[in-house]
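Below: a set of structures, written as structure tokens.
Two complexes, one shared chain (chain A), two partners (chain B, chain C).
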Partner chain A sequence: MNPTLKLALVLIIALEISFTQVWTVNVALLVVCFILMIAYRVKLKRLLWLTLVPLFFATALVWSLSLQGSASSHFLIVIFTRMFVYVYMGGVFTQTTEPLMLTRSLEQNAKLPSKFAYGFLAAFNLLPKIRTEVATIRAAALMRGQVLHVWSPQLYFKVILVAMNWSDQLASAMASHGFVEGAPRTHAVTVPLPKWNWWVCGMSLVAVQLGLFWGLP
Partner chain B sequence: MATVTIDSLTFTYPKRTHPVLDNLAVTFPAGKFSLLTGVSGGGKSTLLNLIAGLTPLPTPGAIRFDGHPLAEIPAAKHANTVAMMFQEPSTQFTMDTVENELRFALENQRMTATDIPAAIDDALNFVGIAQLKHRILMQLSGGEQQKVALAIIVAMNSDVILLDEPFASIDPPTRLTLLQKLMTLCTQQHKTVILADHDLSGYAPWVDHLAVLDSGHLALLSAEETQERFAAFTPDRLRLTRVTAPQATETACLQGTQLGLFSGDRELIHPQDLAFFAGQTTLITGPNGSGKSTLFRALVRLGHYQGTLTYQGRDIQKIARKSYARQVGLMFQSSMAQFLNVTLDEELTLSQKNGNHAYFTPERVTQLLDQLGLTQHRDQVIYSLSSGQQKKAQLLCMLIMAPQVLLLDEPLKGLDLASIQTTMQILTSVQQDLGLTLILISHQLSGLDGLVTHHLRLMDHHLLYEGATE
Partner chain C sequence: MKGWHVRDIIFVTILAIFMGTIFFVTGPLYTVLAAALAPAGLQPLANELLLGIWVMAGPLAGFIIRIPGSATLGEFLGAVVEMFFGGIWGASTLISGALQGIGSELGFALTGYKHYGWFTLALSSLTTAIVTFGWDMIKNGYASYHLGFMALLFVVRLLSIFFFGGVLTKLIANLLVRAHVLPSAAH
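Showing the complex of A and B:
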């Protein structure tokens, strides 16, 4: 499915369930998301993470709310499932979408200025580098007789400095490869937006609306 | 084809009193190869950045391409006119894979989508790296990344090609291939190439007049003077005369047993036994991407390895991180990675506080700073120093720490000949006085002769001392 449309669909549904309290719809969404993730062969380990982490936080939240005593059990179930829906929908989106395709789609289908689209992509590509950089900075500090803990401001000062340097380098790199802000570009790969995508998107929204009306007290 | 004309160009960095470039006037002829050299911090990078349009010009007409200032050329045509290859190989890409980066560059040039695949293949074939097409850029070695950068410039078909010390971290064979490709671009496609470099080896057959940038002025040397400069870099002078095979009497300080190194799935070093000897200076050489820096990262516990590594008989994984880091130090290839503070003075103070302050007295540090030409930069923000000055500052900071074993990853990168000689004198005397073990990786061999005692070659996934047998 077209990445931009998929992103829009996920956001709209998430917004809707934030303002409605129908736990049956939440459960239905969970089942659909789960089936989708299985169908797209998301790794079991990742699936487990996506389940255990929200389970911990949702349980903690529900437990603390129930201790207060004023929340109804219906509300608790809604809160509990809602949290899962957010994580699962996010999971479906991130696990089935390549960042580069999303960038291209945002640029081509959503007409987002290419500056933002590629800025986002470049930032994404930098993420793994940051982890190595933190390890390097801490080692470099040790060699100079200074221990930098996770909470040391100096560590963050240095990371920010490095990131700022990267952003300068990135701007130069993009400029030197002919990128000009706001200038028209051609597209080596076009991201398709076939009719059936719109149908799937429309039908899903209709189904969620029906479910919500049905379930509202 | 494009002639680059520079006319009364003066450039001063903000908040600085001295101009880096002072009333500079020069013409780089179309279709010719021009070689630019000069002391570290002499303004070579500044000049190239100005020509490339990456730094805004103080006066718009000061640099012209065939008579037109870059500002008059439509933005979409900039990359057609001038392109730049950077010193740091890994920092010039936006996308993840080689193919995507090439697509990105060609899309920016508004090439028709159907022409793009052929243009990509042509450019990769010209440089001879068709096999890298689908590889991830960050997993390529520095030499491979520079080849990709060149392929992109070829694909963009830029008239003027600027290169800022492109070979600083590249092994000699790769350097020669890239130089030959550049020459082909010059002679057959009439591109104007302007290259800045400190290491002048290998240019003699191609360059008649060397351009020297010194204290803001540019001078074109005569043919004789040019050959004289090149002579300092001929293979004769690059021989290492003091190198011997390790003797049985030498004690090993760092020892690897069945040590194996990998980069992702790629084997870098096939499991083997390896020893580094105390009090010696060991030079490691080998092709780009063969695993030299990865070995250093493993030695300071920043990378994974197979087998065991011991320091003075103890497994390095079992020594407390803090105390190990004080005994085995690494001078990183990128100077940025070493610094923790803002100004040069703060860096030195930190090193003096935690390092060998008995030997490195304030007087000695002042004297060393003077020798390295850094005295007037003491209060400057360290990141605003030139790359050569940063390298010297970095070396000084690590020397003051005086770890028993000091690993140096390309310590001469970006240094001019005079700085190399000073650096080598300092290294030699400090090593003798303190009995340090030095292990260094360097592509650049000029000036190393007085220092190096063992030479370890990395070839075909195997490390072997020169003069030693299996």
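Showing the complex of A and C:
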């Protein structure tokens, strides 16, 4: 399915279930997401992780709400299942979507300006380098007997200087490779947006609306 | 007023990834804190205590880049990074990220993107706390807490955001001013 459309669908449903309190729809969404993840061969380890983590947080939140608050049991069930829906829907989305395809699709199908699309991509590809850099900064400080914590301004100071440096270099590199902001572009890879995608998206939304406003518990 | 250029876009994204990476280092801290507080029904407090680190990318980007929308973009991108690299909360991460960004953006917008000092940062912390708390009232059912506990959660959240998004951001900005990376904060 087209990444932009998929993202829009996931976001709309997530917003809707946040504002409504129908646990049956939550459970139905859970089942659908679970089947989709199985169908797309999501690894068992990942699936377990996606189940155990929300299980802990949902249980802790519900426990806390019932100790410190005055929520009805219906509302507690809604909150509990809602958390799983967020995680499972997110799981279906991230496990079936490549960041690269999403950015391409956002540029081509959602008309995101190309400077944003390529700017993001340039930075995302630095991810491994960024991880190493954080470790390097900490190690370099340790050698001078300084421990950099999450609350140390020096850590962020150094990180910001590196970020400025790299973004300068990357921007010049892109310019020297012929990237011109706002210039019309052709695409080596086109992301298709077939008609059936719109049907799937529309039908899913109709189904969710029916479920939410039919009067189900 | 400045507009967005490819260099700024790359900078915000790199900054967002850096913040995400730093946050992941504290991941175990959150889990331990949450687990320790959970039996007493205080698990949300762990969230409130550490939320400040989470929302720091917003004020930091807003304070350094000074283009309207930079706080929102910085925080939102942080959420995108989290979603794709190890985060499990998926769609709700994006929504919270956007809301946190808008929350801190409001502080800068209310002062017309002209004043970069304590007042703006304090205002931005307040707007972030209000917007995100409103969202948690809807999404996580905070609205059904007893009033006293709700107030406690809000105050802890505000303090955490003010410490990381206000005090720490100002200290970092001071360092950047001393290094002549940022214009001196005369106003």
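Please note the rule applied: the second predicted complex is superposed on the first by the 209 of 217 C-alpha atoms of A that agree within 3 Å, B and C clash if a C-alpha of one lies under 4 Å from a C-alpha of the other, contacts with A are read in each partner's own complex, and residues count from 1 in each chain.
What we mean here is this: contacts are C-beta pairs under 8 Å (C-beta built on N, C-alpha and C of every residue); 3 or more make two chains touch, one makes a residue touch a chain.
This is a predicted model, so every value here is computed, not measured.
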{"item": "First (chain B), second (chain C), both or neither touched by A:Leu161", "value": "both"}
{"item": "Partner chain in contact with A:Tyr86 - chain B first, chain C second, else both or neither", "value": "second"}
{"item": "First (chain B), second (chain C), both or neither touched by A:Arg41", "value": "neither"}
{"item": "Touching partner for A:Val147 - first (chain B), second (chain C), both, neither", "value": "first"}
{"item": "Chain B versus chain C as contact partner of A:Ser64, first or second or both or neither", "value": "second"}
{"item": "Partner chain in contact with A:Leu170 - chain B first, chain C second, else both or neither", "value": "both"}
{"item": "Touched partner set for A:Ala122, first chain B, second chain C, both or neither", "value": "both"}
{"item": "A:Lys195 touches, of chain B and chain C: first, second, both or neither?", "value": "neither"}
{"item": "Chain A residues touched - chain C or chain B, whichever exceeds", "value": "C"}
{"item": "First (chain B), second (chain C), both or neither touched by A:Phe179", "value": "both"}
{"item": "Common interface residues of chain A - those touching chain B in one complex and chain C in the other", "value": "118, 122, 154, 161-162, 166, 170, 174-175, 179"}
{"item": "Complex contact set, residues of chain A against chain B", "value": "100, 118, 121-122, 125, 128-129, 135-137, 139-147, 154, 158, 161-162, 165-166, 169-170, 172-180, 183-190"}
{"item": "Complex contact set, residues of chain B against chain A", "value": "52-54, 75-76, 78-80, 83-84, 86, 88, 91-96, 100-101, 103-113, 116-117, 138, 152, 156, 300-302, 321-322, 325-326, 329-330, 332, 336-338, 340, 350-351, 353-355, 383, 397-398, 401, 403"}
{"item": "Residues on chain A engaged by chain C in the complex (per definition of touch)", "value": "10-11, 13-15, 18-19, 49-50, 53-54, 56-57, 59-61, 63-71, 75-76, 78-79, 82, 86-91, 93-94, 99, 115-116, 118-120, 122-124, 126-127, 130-131, 133-134, 150-151, 153-157, 159-164, 166-168, 170-171, 174-175, 179, 181"}
{"item": "Complex contacts: residues of chain C adjacent to chain A", "value": "4-11, 13-15, 17-18, 21-23, 25-26, 34-35, 38, 40-44, 53, 60, 64, 77, 81, 83-85, 87-95, 138-141, 144-146, 149, 163-164, 168, 171-172, 174-176, 179, 181"}
